[in-house]
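Pasting a structure here, questions to come.
We call the chains A, B and C, going by the order they appear; numbering starts again at 1 in every chain.
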Amino acid sequence: MTEPTASPRLKGWHRLLAFLAVATTVVGSLIGLFVVPPDALQGNVQRLMYLHVPAAWLAFLAFFVVFVMAVLYLIQRDPRWDMIAAGSAEIGVLFTALTLILGSLWGKPIWGVWWTWDPRLTTTAILLVIYVGYLAVRSFAGDPDRRARWSAVVGIVGFADVPIVYLSVTWWRSLHQPPSSPMSMAPSMLWTLLLNVVAFTLLYGYLLVRKYQVAVAERALEDREAMR
Amino acid sequence: MEVWLRTWAILWKDILIEVRTKGTFTAMAFFAALILFIFSFAIGPDFDLLRRIAAGLLWVGITFTGLLALARTYHSEELAGGLEALLLYPGEPRAIFLGKLVGNLAVLLLVEVILYPVAAVLFHMDLTGKVLPVAGIAFLGTLGFSVIGTFYAALTLHLRAREVMLPLLVLPLLVPVLLGAVSATAALVDPAAAGGVGGWVRLLIAFDVLYFVVCTWTFPVLLER
Amino acid sequence: MAADPALRLQGVGKRFGRTWALRSVDLEVQPGQLVALIGPNGAGKTTLLKAVGGLHRATTGTTEVLGFTLPEDEDLVRVHSTLLPPHGYLYEQLTGLENLRFARLMAGVRPSRQEIDAALERVELVEAGDERVGGYSSGMKKRLAIARLLLRPVELVLMDEPYASLDAGGIDLVDTIIGELRRSGATVLVASHRWERAIREADLLVVMERGRITWTGTPGEWMERREGPADTRRGRGAPRGAGEADTGRGG
């Protein structure tokens, strides 16, 4: 069985990634907050979209990564896949919570309520619970082998559910209200949004690398203790 | 062939034990009916309201009772000393999943046979002429519930905080099933309800097929030691 | 031409969470041999039996059983071997007969009344066959577990504390059955605290402690090491020193 190794220091491309992640995030946030003109209808509150949408994108991307890693782990039983999955889940759950909070903050001035059963937001809320379940299984499982196996299964079964949940909630909502028309966006807003999506993705990548390094160090420590 | 013998072994054994341990099923059925009663009290004698939300209340009752039943999936094995009681014998591990699945499905369907009439009475649901389609939807929903639940019952068996973990893992996955079963049942039973039944039925079937395949296929991973 | 060994373990280790139940076990057993495993609780005897039986996947090392490689051929190994666990894993709400029926069905075989009755007769449980196992004494439960074992003849038999809970008659029964299994050509591994006839007559004695094999040899050699040349002792526990670490002939 291949034992994963990684130096705790930042390698060359890690530094580049860190720099790009921070740079794009800062630039993207500044542009989103100050440079781009506010929305005609919604005003400055709409600027939350520049954080909310990328966060949502990441919430689902992170879980997709968990899914892929889980499948790889079950096929190859390489502990590295499991470590990446765990890191991705921990990052993903934060972004999911962020998405929900921002969505709520955005919704209050616009719709007057803290929570609407918007299909996307609802699916995100359920995704959060699935994440929590995944992390709880990892936390409560006995040994590293079971932890990896069981969380892999939870990750796979959970991910398969997300599109189905989205579909069913969309139908369910459409029974009670007409579908909301997609927002049309000025080009400058679209570009800012894309910039922030890229920024968040780079940030995610960097955090994942760091999480992986921590996981490797933890595992080395566990192995040393077990050998005693 | 051998797989079916194993599946039958588990089903037969669980039925025998259940029949000999008098009272468990009855307690479960009473518990389910009690939940519906409590809903009636909590919501009050607004019969129009009750009728409109009847399908939802019914399925909440089924869900809670179902979670109880699922938690006991491997109860007889635990009393016998552990899952080894099944793993001692070489053979297809998926047969264990199938045997337990049919067992859970049977228990839940039996509870529903009692529960639906109780709900019809308490919530003024009019089921005349619609018993077969309503039963069909109940079956599809219960099947989805049982597949996911039986699967995770095996996973949570050796997990800490298992009584909490089972609902935590099962419920988010069941959202489509609940939405489908409730909406379809409501559409059938309540003339004022919006929406058609066909789409929901297709969703339930798709869900059931997908998860039956995924869970059956992945089940051996849960049994590895 | 030497036949393939029935068992070949090299550097086998098994980890549960943070504890290693088996460490670096090397063992070779020829077909038809009777091997006795002795050692204190926690020595790793049960884990070793389960690893050999394909019920545990080893963490390290290579495991070859009956010519099959584990863990790839786990299923084949489990078909050709059987384990008698210290705990019966019997369903107490079912009768003895029903437990055996269940065992046959789970092995993928339609149960036949004759073979089940024959097995019950062999372990002298015929009258209790229709009673619920919940009412059995621990000795009767052990006999039922042995009956279950007999219903599936295999090439490799693994027994974990077969003498536990048995009276003198039961102990004799186990010894006799082990003898029959040997004559049928099966390879038998027995883990035991008790120093019964079958242990004394084993082809190979393996001493374990804290997950490692600390000594292998014949029972005769073991007794000479511990007691000096001595008469055979009748079952009251292994000769003194079975629990001590020994750097004599290593495994």
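Here is the rule we use: contacts are C-beta pairs under 8 Å (C-beta built on N, C-alpha and C of every residue); 3 or more make two chains touch, one makes a residue touch a chain.
Since the structure is predicted, the reported quantities are computational estimates derived from the model, not experimental observations.
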| item | value |
| --- | --- |
| Contact-richer chain pair [A-B vs A-C] | A-B |
| Reference chain A; chain at largest CA-centroid distance | C |
| Centrality ranking, top chain (CA atoms only) | B |
| Euclidean distance of C-alpha centroids - chain B vs chain C, Å | 41 |
| Geometric centre distance via CA averages, chain B-chain A, whole Å | 32 |
| Distance between chain centroids, defined by C-alpha means - chain A, chain C (Å) | 51 |
| Multi-partner residues of chain B (each touching 2 or more other chains) | 224 |
| Of all residues in chain C, the ones touching two or more other chains | none |
| Where chain A touches two or more other chains at once, by residue number | 142 |
| Residues on chain B engaged by chain A in the complex (per definition of touch) | 148, 151, 155, 158-161, 165, 168-169, 171-173, 175-176, 179-180, 183, 194-195, 199-200, 203, 206-207, 210-211, 214-215, 218, 221-222, 224 |
| Chain A residues touching chain B - in the complex, by the definition given at the top | 74, 126, 129-130, 132-133, 136-137, 140-142, 146, 149-150, 152-154, 156-158, 160-161, 164-165, 167-169, 171-172, 175-176 |
| Footprint of chain C on chain A - complex, ascending | 142-144, 222, 225-227 |
| For the chain B and chain C complex, residues of the former touching the latter | 1-3, 5-6, 8-10, 12-13, 16-17, 20-21, 76, 79-82, 84-91, 224-225 |
| Chain C to chain A touching residues, read off their complex | 15-20 |
